[in-house]
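Once you scroll down, you'll see the structures, which are given as structure tokens.
After this come two complexes, each holding chain A, first together with chain B and then together with chain C.
And then the complex of A and B:
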């Protein structure tokens, strides 16, 4: 057995195709991004070496920091919305009839492409014929804001479809974790006279803290990488009010043909994502996993 | 008192369900109406006349082409990803070699990286080997970028799979290839089907690779194609709605028939950060 399973040729045949693909198409490009960031390059002509100039420009570039600020705002909104999802999951997991059907209904938007979601919500927000303003005018609100055209609210307007898209995902994860809590623990608490709210917040939530930490990482890191929906809905506008890091990088490279500077921003995006992931993992890793 | 409490709980759950479904129902309704009716009457009324023509019109435009591109890119990338990830899972969990845990680490880190940070070098690579504006560039990137998550989901199953059958096969003189393709792979069908569903959702909905690497209309997928397409139909909401419904229908149908698998796959994909 051991001899057969340590045949070097067979090992290579089984692992190399997958390994080469991620090596060539994920790891080499990631390293090259940092390197191209040192170049002046329009995508077609020759590259010329610039040194750290692109990175210095980025650090002084207010547009880059604005986009980073928007990305971090989305990360904060997404983290706060986890409380709502957790609340819904707590209700859903408390012996509700039809819970299984409901969590599947909640999940439906998650299955749609971000492009379709963006196109649909452009229509929802349409000033004259969108369903949102139709509903508002039925309630007598005749002067609603221009949801996607107002620089002061566009980021919030974009966050609603994001909330809509991911609600089912997080509810599903919390629901599954809550269902894993042994009934005996809850029964014991009931016998001791704990109220439903006490059971929810003093017993259930602490017991699924490990899962909650994972979702915080997912929400924050996911927000920092967010791109498709914003790119389609607003293109980062109006006047940069909804620009995020990934969309700024994309436009710099593929619309302004400044691939060197785009690469530098792409590399900073990678660094920021890795540092933030590391920091959250570090701050949330205190406390041991709970064993039932 | 208790009944009122339950009523509030059910009402809040019902409200969330309505919020989640409402925009989609509205979309289906206006995809079946003509422009006059969309702009003129109650947005939530059923169509006075069911305008299936909207669907025929956009399908005979380019949506049909985009649809088939989406289908075959998605299908080929799924097959490649699931086979290659299964082989890798087999090598990592069953074979004995020194770098095994290091290689596993490489796949794990691959779960976290932002795609955009690799986009420009990928573009240049494909340009230099003449794969820009070729379907192969899309199939290769879909496969590579879904390998880590697929491998993660498979590994959980491979670790728990009892090894007695495989050991017995080896003792009986079964070759590794035969063991893998005839014994191990069939035993992992339940988890493979979960990864197929997850890959299907990711590939079908993918946007940025196609948007960056493909410029010819004949190679575009639905996500990118509908972008230009919708541009042409500025005010024809019926056509836009029909296009969107066509683009989301396959995934919704898959969900309708295999909802438990989808739920399982999406829960398992939560490790993807």
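And then the complex of A and C:
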């Protein structure tokens, strides 16, 4: 096998199918998006070369920065929610009764499609017939908020299902990582008289730091390019109060037929995500990996 | 070892081949299905957006017309492709960028049409209209598909937007149909005071709110004010257009629209109206089957629905001026190989459609309907009469505008209803967007 792997041609043939796919489906379209961003194009007719004008417009476009702000808010909230998931995973992994069942329950939202989740939460949030406002009215609150119609709260109303959707995913990752920690370490700590809290935060969490870093990157990048629930639930409305970068890109390209400008926004979205990923990796790379 | 290496090599080749083949198989499948029709002399490809699942009546009429056409014209074969609404729009766009549009397909009027016409992808159909077809259309309908004197679409549908209302709720509160805006506001107030949502509005979709604005603009400023502001012969800073925006906010303050209107989709708003939770609902006449023939809707509800014209505002405005317009129409591709045959088919389709659509699918066609020849529910007859007596039909504002301005308009509508912008800001946004396009 070693001999096979040392053959350059062999290696090339092995990676060729995957490379072709990823090249055709991801890298070439990425480059094309950047290129379309330089054009004035409605997606149908002739293209005209504009230079960097689309990118300059985007940088001056308050709507774009509003949507970027919303995306970053989502990133912050998803990162914060990771602490809760970590806590739940710590409890689940500490051999409590029914952990197995609970783990499965947490994972169910992951198995639903985004559109189903969106429809479900639209019903929950329905201003007059929704379960949430029905409960609030039953408790004597006369004017329960219009969750998806009020510009000041719509963003947070949407964050809840988004975080809910991914909770199971992160809990599962943490749970698996925690289960990987050798029992001998925990037992040794117990013999030395460590309290459960000390075991959790001084031993378990540092040991899975590598996994935690990965989830932070996943959560932030996933939030920055987030699209589906927002598109289905509000379409970025009302009045752009829940617009994120990806939904704004979609709107300009496919509803306003401004393909060039939409591509420019898409390309900026890519750049922002790349920079943020680079920064996170830079700030979290300090400290050696703990071995056990 | 050598043998094993060889085996791995061939396996890798095989694996990549399978991938490549898998990629192609989809297209291959499509081609092979057409093989049996190869003896036909001409094949017209036709794309429409009424899948059997969601628009069964439409689908069946289309199939019937195509069958008749193929029987009447031996040697001609119509190759149909059906897609749902949104996928249809996407596919049309993709096909147009590779210049592979179907010979005959469906398009929307005005704003949607413009990029395709600019790209010289649709054929002018003036010759088809001049050969007698023009007289069969309700006047004003083909104009929505005209750009610079050429008509690029043959409209199939025609809709106007009346205010549907729930007679039972009106009776319960002792209300009668309003003919003036003052009366209308009284109806709204009475209903709101009694805890009934006066109007179901799904303004998440935004064009729904636009209908209300358009009517107010029409009644306050006259039939041409909005249209001329959009085509730039007038201006959006016209006081009537500001006044109309003010009235929208007054209605909002009166509690006219069911709670959460900016968060509801049109479907959700419709379900409020259809479950007796709101008294009025302004929507296009495409919804008529729900209030007449649709067996899935309880008879009791269907019997209790009526409609009225948008009232006059302070004595101005014309009750017979409507917001509405043609829906989809047929285009013929400019670069079609069988352009003449395609035009003939499109003309045939429109004529046949006009005779069958209203009776079999409840669609009001853009061609004139002889109401005495078909048996129709009363509400259809009333709407058709209104259409015949209409003094004006103003095309939906978002359809009139270019896609880009339409988005500005729709977003501004949502902000106006939500009270986030003032009427002056509302008109200024429009003025800027429309002026930027010139």
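Heads up, the rule we're going with is that the second predicted complex is superposed on the first by the 274 of 292 C-alpha atoms of A that agree within 3 Å, B and C clash if a C-alpha of one lies under 4 Å from a C-alpha of the other, contacts with A are read in each partner's own complex, and residues count from 1 in each chain.
FYI, contacts are C-beta pairs under 8 Å (C-beta built on N, C-alpha and C of every residue); 3 or more make two chains touch, one makes a residue touch a chain.
Here the structure is a predicted model, which is why all the values come from computation and not from measurement.
Chain B and chain C, once both complexes are superposed via chain A, clash.
Ranked by how many residues of chain A each touches, chain B and chain C are led by B.
By the touch criterion stated above, A:21 is placed in contact with chain B and with chain C alike. Touch criterion met: A:251 reaches chain C, while chain B stays clear of it. Contact with chain C, but none with chain B, is seen for A:45 once the two complexes are overlaid on the shared chain. Of the two partner chains, chain B is the only one that A:232 touches; chain C does not reach it.
After overlaying the two complexes on the shared chain, residue contacts for A:10 are found with chain B and with chain C alike. Once the two complexes are laid over each other on the shared chain, residue contacts for A:125 go to chain C alone; chain B is not touched.
In the superposed pair of complexes, A:147 makes contact with chain C only, with no contact to chain B.
When the two complexes are overlaid on their common chain A, residue A:187 makes contact with neither chain B nor chain C. For chain C, the stretch among 80-88, 152-160, 224-232 or 242-250 that collides with chain B in the superposed model is 80-88. Comparing which residues of chain A touch chain B with which touch chain C, the overlap comprises 4, 7, 10, 13-14, 17, 21, 43, 128-129, 254. Those residues of chain B lying in contact with chain A across their complex are 9-10, 12-13, 16-17, 19-24, 26-27, 30, 38-39, 43, 84-85, 87-88, 90-92, 94-97, 103, 106-107, 110, 112-125, 140-141, 143-145, 147-148, 151, 167, 170-171, 176, 180, 201, 204-208, 212, 222-224, 226-227, 230, 237, 240-241, 244, 247-248, 251-252, 255, 259, 262-263, 266-267, 270-273. Within the complex formed with chain B, the chain A residues making contact are 1-2, 4-8, 10-11, 13-15, 17-19, 21-30, 32-33, 36, 43, 88, 91-92, 94, 96, 102-116, 119-121, 123-124, 128-129, 131, 134, 164, 167-169, 172-173, 176, 214-215, 217-218, 221-222, 224-225, 227-228, 232, 246, 249-250, 253-254, 259, 262-263, 266-267, 269-270, 273-274, 277. Residue ranges on chain A touching chain C, taken from their complex, read 3-4, 7, 10, 13-14, 16-17, 20-21, 42-46, 122, 125-129, 146-151, 154, 234-235, 237-240, 251, 254-258. Touching chain A in their complex are the following residues of chain C: 1, 4-5, 8-9, 12-13, 15-16, 19, 90, 93, 96-97, 115-116, 118-119, 121, 197, 203-204, 206, 258-264, 268, 272, 277, 402-404, 406-407, 411, 414-415, 418, 420-421.
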